[in-house]
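We just call them A, B, C and D in the order they show up, numbering each chain from 1.
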Amino acid sequence: MCGIFGVFGHPEAANITYLGLHALQHRGQESAGIVVSDGDHLRPVRKMGLVADAFTRDELAGLPGHMAIGHVRYSTSGESALKNAQPFSVEYVHGAIAVAHNGNLVNASDLRRKLEMDGSIFQTTSDSEVLIHLIARARELETEHRIVTALKQVEGAYSLLFLTEHKLIAMRDPMGFRPLAIGRLKDAFVFASESCAFDLLEAELIREVEPGEVVIVDAKGLRTYRPFSPEPTRFCVFEHVYFARPDSMIDGRSVYRVREALGRRLAKEHPVDADIVVPVPDSGTAAAIGFARQADIPYEMGLIRSHYVGRTFIEPQQSIRHFGVKLKLNAVKEILNGKRVVVVDDSLVRGTTSRKIVKMLRDAGAREVHLRISSPPTTHPCFYGIDTPTRSELIASSHSPEEIARYVTCDSIGYLSVEGMMEAVRAAAPGDGAERRHCDACFTGKYPIEFRPGTISSLKRVVN
Amino acid sequence: MCGIFGVFGHPEAANITYLGLHALQHRGQESAGIVVSDGDHLRPVRKMGLVADAFTRDELAGLPGHMAIGHVRYSTSGESALKNAQPFSVEYVHGAIAVAHNGNLVNASDLRRKLEMDGSIFQTTSDSEVLIHLIARARELETEHRIVTALKQVEGAYSLLFLTEHKLIAMRDPMGFRPLAIGRLKDAFVFASESCAFDLLEAELIREVEPGEVVIVDAKGLRTYRPFSPEPTRFCVFEHVYFARPDSMIDGRSVYRVREALGRRLAKEHPVDADIVVPVPDSGTAAAIGFARQADIPYEMGLIRSHYVGRTFIEPQQSIRHFGVKLKLNAVKEILNGKRVVVVDDSLVRGTTSRKIVKMLRDAGAREVHLRISSPPTTHPCFYGIDTPTRSELIASSHSPEEIARYVTCDSIGYLSVEGMMEAVRAAAPGDGAERRHCDACFTGKYPIEFRPGTISSLKRVVN
Amino acid sequence: MCGIFGVFGHPEAANITYLGLHALQHRGQESAGIVVSDGDHLRPVRKMGLVADAFTRDELAGLPGHMAIGHVRYSTSGESALKNAQPFSVEYVHGAIAVAHNGNLVNASDLRRKLEMDGSIFQTTSDSEVLIHLIARARELETEHRIVTALKQVEGAYSLLFLTEHKLIAMRDPMGFRPLAIGRLKDAFVFASESCAFDLLEAELIREVEPGEVVIVDAKGLRTYRPFSPEPTRFCVFEHVYFARPDSMIDGRSVYRVREALGRRLAKEHPVDADIVVPVPDSGTAAAIGFARQADIPYEMGLIRSHYVGRTFIEPQQSIRHFGVKLKLNAVKEILNGKRVVVVDDSLVRGTTSRKIVKMLRDAGAREVHLRISSPPTTHPCFYGIDTPTRSELIASSHSPEEIARYVTCDSIGYLSVEGMMEAVRAAAPGDGAERRHCDACFTGKYPIEFRPGTISSLKRVVN
Amino acid sequence: MCGIFGVFGHPEAANITYLGLHALQHRGQESAGIVVSDGDHLRPVRKMGLVADAFTRDELAGLPGHMAIGHVRYSTSGESALKNAQPFSVEYVHGAIAVAHNGNLVNASDLRRKLEMDGSIFQTTSDSEVLIHLIARARELETEHRIVTALKQVEGAYSLLFLTEHKLIAMRDPMGFRPLAIGRLKDAFVFASESCAFDLLEAELIREVEPGEVVIVDAKGLRTYRPFSPEPTRFCVFEHVYFARPDSMIDGRSVYRVREALGRRLAKEHPVDADIVVPVPDSGTAAAIGFARQADIPYEMGLIRSHYVGRTFIEPQQSIRHFGVKLKLNAVKEILNGKRVVVVDDSLVRGTTSRKIVKMLRDAGAREVHLRISSPPTTHPCFYGIDTPTRSELIASSHSPEEIARYVTCDSIGYLSVEGMMEAVRAAAPGDGAERRHCDACFTGKYPIEFRPGTISSLKRVVN
């Protein structure tokens, strides 16, 4: 998964991007990059690691310019990690161009093979480089037209930011899988995967980039056009369930509100007689508050999260594998001892983490442990940008909830239904919610984009 | 402030200490160190930064031995930071010795001057080095006796771990300002500032080292003696209020339970008509849960904490000062908009952070903001190991609650009373709580150890 | 300037290349790189700095394979130095390919513009990348045929080593500007810019790669073909005068013997009545020995060279500019005091170094200083791979020897004539010397390859 | 071995010391350090590696002050190398003091044991720390008097530079084993192990510090006193033979002139019928020139020294042991083929290097190889600061010249006689040479300072 950020028209574009990426850090911790334009040249810096560690004050000072784009990235391909860090930038016949990509191109391998047959040379294994090659071969005069020509050959999920010497171009794929919003910071325009980046900057959220919309910002101001034929939208529901920050507005909704509603609905679908409701912090917190309120059971922070580790789901390496979840979470014995506990988590992927959490709660004295998951069973991998494991690793693809309960050793398990999830998501934005459609392929296997057999494994290689 | 950890009798002493320090990371983020003994030599590694960043796999592998001590440190003295990192270790006539110190010696400057007059040479500005010089000059045969001779010349707060080629020695000062507990990990003994370190290791908490107790572990096993005349104990109440981790047991109590009780008591002392209770996460969370429950007002996570920054109170440098609290906290507009909000924090030091939080809540649409602090006004600096600002920087030393409310721009403010705080602390451990006494000097100015004028400024230079 | 090395058929190909590059270090000190093939993949490591500093033991151990090529580089383009470090390696439709280049392509800019117009994207400013693009667009089946198709579009100087998963290909341009030799190390074939690399490895020098020859080594053994129409050879005479190591055999001659002969000839052309002959070490040493013997004047090491600096001519940055030559050379007063001194250097470029040396000799007490240069006046820049300054900086392009003598403050100056130089070069290899022709463009302005106006400045940007 | 440098009264004291150390780099390559005083504080920087690599521009800029001392060090104790880097600096009751030491204290271990018994704590294994402890315990008021009190307890070889906030103090031991000279750089005084450092700075050599002399420089100027009873001087003859730079004046003589005289004398003592004289560069160069002239045999640079390695004798680690001498030297076949060769080296320690050189010459075609050594057989280790191997490793301690010739496989060997060496040394400074006496213990076993059994092994641990 990845986060992208852009700014046009601010004298400290690099610093603004640095801060914006910091607010999007949860979307990717493996590498971070910024490309700045001063009107004449693009200057890139790409680094491994967290935003706060990756850039020095001197490096930022060496990036003058009033427009910039940035990227934070998580990926599975460890070996060539820095090479694949984004934004990807090159010089070509029309000058310089850089791209920051959130999503995944389903037909990238095919396109790459064709380009290579035609003499193209690739530096990275990233599908963003495929995009750039397509753009370089397009014959249109304006960058935005070359980009559209290139993207018409492409299938998949993409929220994109492009930077040239003079322009910033933002766009989302016609189905709108991944988020991207437009904000205003004084005289500057800002773009971010999530609105929490605007809050940090005290920028104002204007609206989201629409699915299939191309937004161009340059010296003449902001303009927009829609070169793609309209398609039904398919915003990723997993962004609401787990991925986005709870303080963000995405898809026209407050993520926190959605999660609280998921928790309330979960309490209705899977009630249980218990003494306390405990969240798996921090991703399960809002749902647990909703559950506790709906069920009228006291809410307690029976699991404490260390401030000094990242999310389990997203960490590329665990240096001390044996300790796993314990490095991140600890149980509070005084709270749990002798209690019947409802523990609320957002999703259950392999089951190994949940199993350790249940054990931790029991070791702390919990008399009963009832696991409640604020989403449906995760049965299918994502091909649109979320780095889920392959199907065979997804425990719910081959096991019933009862079997899973046995594996994780809880007294009962309760998953939210697909309908319940969708109703809660809709309910969180009553005004326009009815019309919006979502991608729920990871829960249902209904992939909105068809693909041919054989492409799946190669698709999964690199996620932006 | 600092955290200390020790282990005796485990084949992977360095790895165990690494994990123990990781669990104590909240007690100090500036530097980390481990000293290991293989029975013949002490091997030290000391580094700047967080435990997880500081040590490489190779470095840990290069520290063979079955006993070790470790230290995490926060200090104000930036320039010579690595030199002052602990454990401090030297070779002297009796062999090698290392020390890890949590606390502060009130008469360290005096002792140092005397030692220097006598020809001693100092390498650091740490008062732990004073201790080592006193030990080197003691004439007793056994290390523990030399240590006691040295400590009888010393005044102040100290929880200490010593390591020689053959022994681990743990001790607390006679008043017991700082915590230190004994645990058991299979055949090994472990020592830690807080019990949360034992939880990570799946070690069992046996008991706390008693104030004034000296515990010696060597090949002959664990033995203990009490060379100091008994004094009334003075455990630091601020450990409960803010410093310790909520999942720790210290001072015979669950820190979480104490904080929840502080919150309930706070709701009784300062009730308010409001729509939601919002904690300042994570340090205000337990108190906010207690407050919400007592007041029967819905609890909401209206402020979201970033996973990618440390605690404000403890960060030595803020690279982007202007953004301050915003890098750490963000308000959830959908939750706060139009609401009357009770915001609960653990303490209020300078007032600048609270002021920013109140503004953040109001910008998010809060109709009223009522600040509730789960401790009394912080009016006096600490000389026993907590790195508080000087008196002139403590806003409560010169301003009334009403003036502070005006400064932080909240609609009302409510501090917990000293009596309320003490009752809550006592109530959280009904069994033995009555007999325990606490140091509350930072709230009352009643310093348990007298000191002469002139010493204060020098004392404050380095905090272990 | 650059040095290249390759090996095929040795189980420690990376280590062998490391050592070979070390022996060629004098040909480039800015960056160093190795690419290894294990038959399946190419693995590159490219670093800034000297060979001995650039690679760690671990990095070399992480480069398994039995064939490798390497490169040491000096260049003027500081900013993007690492990006331009060689060998340059890519993946394309036929697999992986890497190239190490010594020389300079005269029409690289034109070719690049054409490729970009056709949709090619460039990552570096190196002309080696142009080569790779031309190869990627060639349609032939065999790598060596694609390479020849590419090189037929290219003009300039090139000694090249290519590596694919299965093959090593070595070649020189039809005029043979730059050296490249074939050696044998047990069962392996080795290739190096100079034979001194074979001496270090105890490999045997077999012969030089002929101008215009393509040598292919793979599992089937070594074979060779000559796809270019024959042209008169033009080996760089400046390699003899200055660039190559004196212990190398290049161009069928011992560099040491050539330099000694240049010195003897110089003594005949510019005799002088003096007490001692002093070389500018180490590049002037062999010529000074020849001069002293011919003139029958005692040879003395009146200038001592520090072991801790590189060559003046080649250092990209001088951290303490004011000290210049003094950091490298010091005069021995006891030798020089009161003497009439002949000081022998290999060439004179800007005159600033010679001026400082003359001052140093006079300060040490020299009564007379007679400067003798073992090559003709350097009047023209090199476009074939030697990093000489532009014409305006070459003092001999606009000043007579007498004016130069006045500038460097010597009592007399004597340059070798072009004829004298050529005779000495020929004389050093009497057997086949007569047929060989050399490029002497830097002394005569007679460039063997014609070029159009406007290309010169761009050519000079990057020298391999 | 070590080199020391000091400056008093120059506004860029750190930069001057940096340059001075650079010129003394041949005296120690393992670590480098500078301590500067700005009149209030001492600021130290100590680093591993070469001077040019060790210090950054920023670090030097962070060392303001007009007086400084510096040190370059070679030592055998790898593990705690940085800890033992000099100058050693501490704070004690009289303020701050730093010391740079060239030499070796024979009774350091005894003194250290006594100090430790008395409660002293040591941070390093360097005998310079012993000195500082003795100074800290001295009761005199003035630093120079405390230093003398300390040094009266000490036996051994020492040239020392001390720096306090206000003073620079230079001294040599009463026998004057190690060199130390005074120079003048405009208004500043400079001190250096060898005069070549003055040449680089364009400072003027005034005179050497006399054996047993204490020189104090402070705001009042330079003054000198002689607190030790006079003893016969014993300047290290090995400085002339090998250690010092040929462009230095030490011991009242030109090192180059001494070496040339050693070579001439060697030609008289061991004449041989041969075609060419070849030096082992660079240490054998001057002697070879002398030999060639005396014997009237042509001098040729038949061995070429790489610019990219240090001296064999002094390198602490050889990363690629097998290649040994070949990384440093290469033979010129065209020069050597078919010739009867005299190869001249300065000394022969273990014999392994000479054996490889002889093989290299024979492999290059030499018909006969006659080894000539410009010093007597090295039979005894040095305890006064030169890092020679133990006696058992010195081949000449147990083998006759004939046996050594057989081992190194040369056709004949010739060592200079002790009388011949001394005569040549005396002859190189006819004026005052007669009175000077030298330490020749490494050739004769006549140690000028007696020592008790048992001390030898410990003495050897650390050489300054």
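As a working rule, a residue touches a chain if its C-beta (ideal position, glycine included) is under 8 Å from a C-beta of that chain, and two chains touch if they have at least 3 such contacts.
Please read these numbers as outputs of a predicted model, since none were measured by experiment.
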In the chain contact graph, what is the shortest path length, in steps, from chain A to chain D?
2
Same or different contact residues where chain D meets its copy chain C, judged by the half mark:
same
Counting only Cα atoms for the centres, state how far chain B is from chain C in Å.
63
If you average the CA atoms of chain C and of chain D, how far apart do the two points sit, in angstrom?
36
Chain centre separation (chain B, chain D; CA means) in Å
52
What residues in chain D touch two or more of the other chains?
none
Examine which chains touch each other and state the graph shape they make (line, ring, star, complete, other).
ring
All chain pairs satisfying the touch rule are A-B, A-C, B-D, C-D
What residues of chain B sit close enough to touch chain A in their complex?
15, 19, 22-23, 25-26, 50-52, 57, 196, 199-200, 202, 245-247, 249, 254, 256-257, 282, 285-286, 289, 293, 298-301, 304-311, 319-320, 323, 326-327, 330-335
Residue ranges of chain A in contact with chain C within the complex
90-93, 113, 116-117, 119-123, 132-133, 136-137
